[in-house]
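One chain, subunit A, links the two complexes that follow: it is found with subunit B in the first and with subunit C in the second.
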Partner chain A sequence: MPKAEMLIMPNSEEVETLVIESVRLLAEDFDLAALQQPNSASALYGNEGVLDSMALVNLIADIEDAVSEKFGASITLANEKAMSARQSPFLNVKTLSQAVLERIGS
Partner chain B sequence: MSWIDRQFAEFEDRVACHEAGRLWTYSDFLAEVDRSTELLAPAVGSKPVVIAIHMQGTLLALAAMLAVARLKQVALPLSPQATLAERLEQQGIAGACFVLTEQGLDSTQLSRASSKWFGELAKREHAGLVLFSSGTSGEPKGMLHDLDALLDRYRTVRPRGDRTVQLLLADHIGGLDSAFRTLFAGSTLVVPEARTAVAVGEAIQQHRVNILPASPTFLNLMLLAHVPEKFDCSSLEVVAYGAEPMPEGLLARLIEAFSKVSLQQKFGTSETGAIRIKSQCTGSLFFKIEDSGVEWRIENEELWLKTSSRILGYLNADESSLEADGWYRTGDLVEVADGGYIRIIGRRSELINIGGQKVHPAEIEQVVAEIDGVDACAVFGQPAPVTGSMVACVIVTTVDRDLRSWKRMVRNHCRGKLADWKIPVSIELRDELSLTDRLKRA
Partner chain C sequence: MKQIVITGTRKGIGRSLAEHYLALGWGVIGCSRGEPSIEHAQYRHYSVDVSDEVAVIEMARDVKRQFGEVDVLLNNAGIASMNHCLLTPGSTVNSILQTNVVGTFLFCREFAKLMRKAEQPRIVNFTTVAHPLNLEGEAIYAASKAAVESLTRIMARELAELGITVNAVGPTPVLTDLIKGVSSEKMDALLARQAIPRYGKPEDVINAVDFFIRPESDFITGQVLYLGGVT
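So, the complex of A and B:
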């Protein structure tokens, strides 16, 4: 089935809701106390972020799966560009949501 | 007359094989080897050439192979299930000048292969055998065996009256080993109508089979198809498993389903042929190499083997695993226990490296397989950001549950049993267990 037919272009709130829910579930699965009630400003990876590299890899896979399931879009969050960007997309929920939205739109 | 012909002539009226509704005695089989020899003899000269054998029938392919051995030529058994492209690729790599089919002998117009190993074979005045490894990517790896040396390992097989299911085909070292071991013992090969769990169940019931050699994945399929309950398997005495790691959970289920059967582990490599081993006990994956023709040692956790039946070399691949002094580095990593018992943990090439920490797929598979609703699972490494690789897992299940729930279930189950970095990150669901041509997990 052509992807374009199933693709639902979400708005930024919908994407942020999906990211927050993914972070919340990950925190629950891996007992990450600091992220039990995440919000837009929650730090994720780097600086004050509480995720270690393994948790980050899990979160990326979870969000990619959720985006595919919910919006019918197959995205790759962690490519070379993302890893070397001046501002990491994985800093906090807000920057990550922005990156997800950009990938779905591109 | 060679020892092989003498052996078969002696077995005369005993039943060599049941295949496609036909019963073959040893006299019939020997007559078929004679027929193939007469067909091939005028076409070949003193210099060995490679003869591809493409037969639908397993016993016909075996007879053709023995004819090639008599004429000191090189056999290339092709899988009857291989596609035309696969067959042409293998014939090209091996430089097969002829193809022998049920219809007769054809020239391929290919020129003779140039590998130095064919010269070595001619010098020894021995027959050869080209087998291809079931590599998962890239060109298949062609290897040249000294067929005389390989067959010689069966010279000491003692006569028996077994009825053995022949599942693997003649293009595979495991299939050849079970066929040779059966035929040189004067026992009976039972070729099922199809290579499916149900067809094997029918064959066991109809021919009162007592030995079943199969891969763990195939045995799992038999359990999933309820073969032990649906068919009369009371004749079974031995289930011999090998070719891929046996998950401990599956072994326990097999012991329960086949309670009166002895479960025996088999071991061998395409490069050395089968190795005789003895399991520590039923239900244990530890075994001891007990084979007078085999030397073994462990280097850096890797099993090294030395046998007279080792391949001469590869036709199209790097030979760094073949030591000049005859040793073969198997690529299998092993765990050593007291008393000289060893257990295969997995392939060195399948180790998953996560940010510098390494894990064997089998360790994770064993834990995932404990989850309710998992019929089978396969763990492998996948490229990932930050950590280089991540653990990916395919789960075969018929339970209707979404991916997100499966993921959470796997995490919940694995936490505390595995370090967090070993818990599968990516999960893919399938509803059917698929097999490779060699009956391993696909």
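So, the complex of A and C:
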């Protein structure tokens, strides 16, 4: 099987930039006014978030693709704890960026 | 060109399916644990254990890079072991569940992500008549396929919003390596329980798969279609 491209270990700012861009593109596709100009504090999924479960699935797939293309890392954001409210990485851009960085580094 | 992913293409029904869709002009992305047995300009092979999560993710990433979107996924790869439950080792149980259940799940999860923008995205899983017939000696194999049927029905609901239909075909015994070593007396007794008591042919399976993946079948999801008149 062909190997993935060489892994580039990004810093937290680079990951957050990637997540923000993915959220912005998703907001265009799903016509989500609240996320047209996302930032680190933008709520995504959960109590204050505007994403429904299908938008979240699309965002996860988009970010996994983007991480593979930009950093050469094959990550999956699926996680046993991912959907529990208290520990969800999908609460906002910041928590999601942290989760992505952890997966790339693991 | 439409792209179809088929697991378990080295031999048996998987190979017949791959050859069928290649003949129709599709791009076929196949996989098996071993080396490829098909040589064709539009065939791409990955040597992958379908239950290896990291390997399946890597395969999906490479398919995305090489081909972009995927139109159809056929989860054909499967293993069986005919044995009395009192004589079945735990290692056999784990092995069958890993390939048949975990493998099917991982391919659905990873390749559904590549089907989001396809025009008529389809997933077809593979079950067996051993489940509805409650065949003696097939406890773990039948149980693993019961799990596949449950995955099929629930994923049909979860993936409906993405426009992906998820169905399953349940072949009767087909003369492949999967049933080699089973006595002819047992096979005859099994066939006698079908409404149409004959062995299945790869063409029978291909026909059912063709039905599920045709564009007109976009209102059909979460269904299990057994062959041979088994209900």
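Everything below uses one rule, namely that the second predicted complex is superposed on the first by the 97 of 106 C-alpha atoms of A that agree within 3 Å, B and C clash if a C-alpha of one lies under 4 Å from a C-alpha of the other, contacts with A are read in each partner's own complex, and residues count from 1 in each chain.
Just so we're on the same page, a contact is a pair of C-beta atoms (placed from the backbone, for glycine too) under 8 Å apart; a residue touches a chain by one contact, two chains touch by 3 or more.
Please read all numbers here as calculations on a predicted model, not as lab measurements.
Q: Kindly classify A:Ile8 by the partners it touches after superposition: subunit B alone (first), subunit C alone (second), both, or neither?
A: Neither partner.
Q: For A:Ser74, select first, second, both or neither according to whether it touches subunit B, subunit C, the two together, or no partner.
A: second
Q: Look at A:Ala66 in the shared chain and tell me whether it touches subunit B only, subunit C only, both, or neither; answer first, second, both or neither.
A: In the superposition, A:Ala66 contacts subunit B only.
Q: By residue count, which of the two partners contacts subunit A more extensively, subunit B or subunit C?
A: The larger set of subunit A residues in touch belongs to B.
Q: Pick one for A:Phe30: touches subunit B only (first), subunit C only (second), both, or neither.
A: first
Q: Which partner does A:Leu56 reach: the first (subunit B), the second (subunit C), both, or neither?
A: It touches subunit B, and subunit C stays clear.
Q: Would you mind listing the overlap between the subunit B footprint and the subunit C footprint on subunit A?
A: 54, 57-58, 61, 65, 69, 78.
Q: Using the touch definition up top, name the residues of subunit A that touch subunit C in the complex.
A: Spelled out, the residues of subunit A in touch with subunit C are 1-4, 54, 57-58, 61, 64-65, 68-69, 74, 76, 78.
Q: Hey, which residues of subunit C end up touching subunit A in the complex?
A: Of all residues in subunit C, those touching subunit A are 46-48, 53-55, 57-59, 61-62, 64-65, 109-110, 113, 116, 161-162.
Q: Over in the complex, which subunit B residues touch subunit A? Could you list them?
A: Counting only subunit B, the residues touching subunit A are 354-355, 384-387, 390, 402-404, 407-408, 411-412, 415, 420-421, 423, 425-426.
Q: Which of the residues in subunit A come into contact with subunit B in the complex?
A: 25, 29-30, 53-58, 60-62, 65-66, 69, 78-79, 82-83
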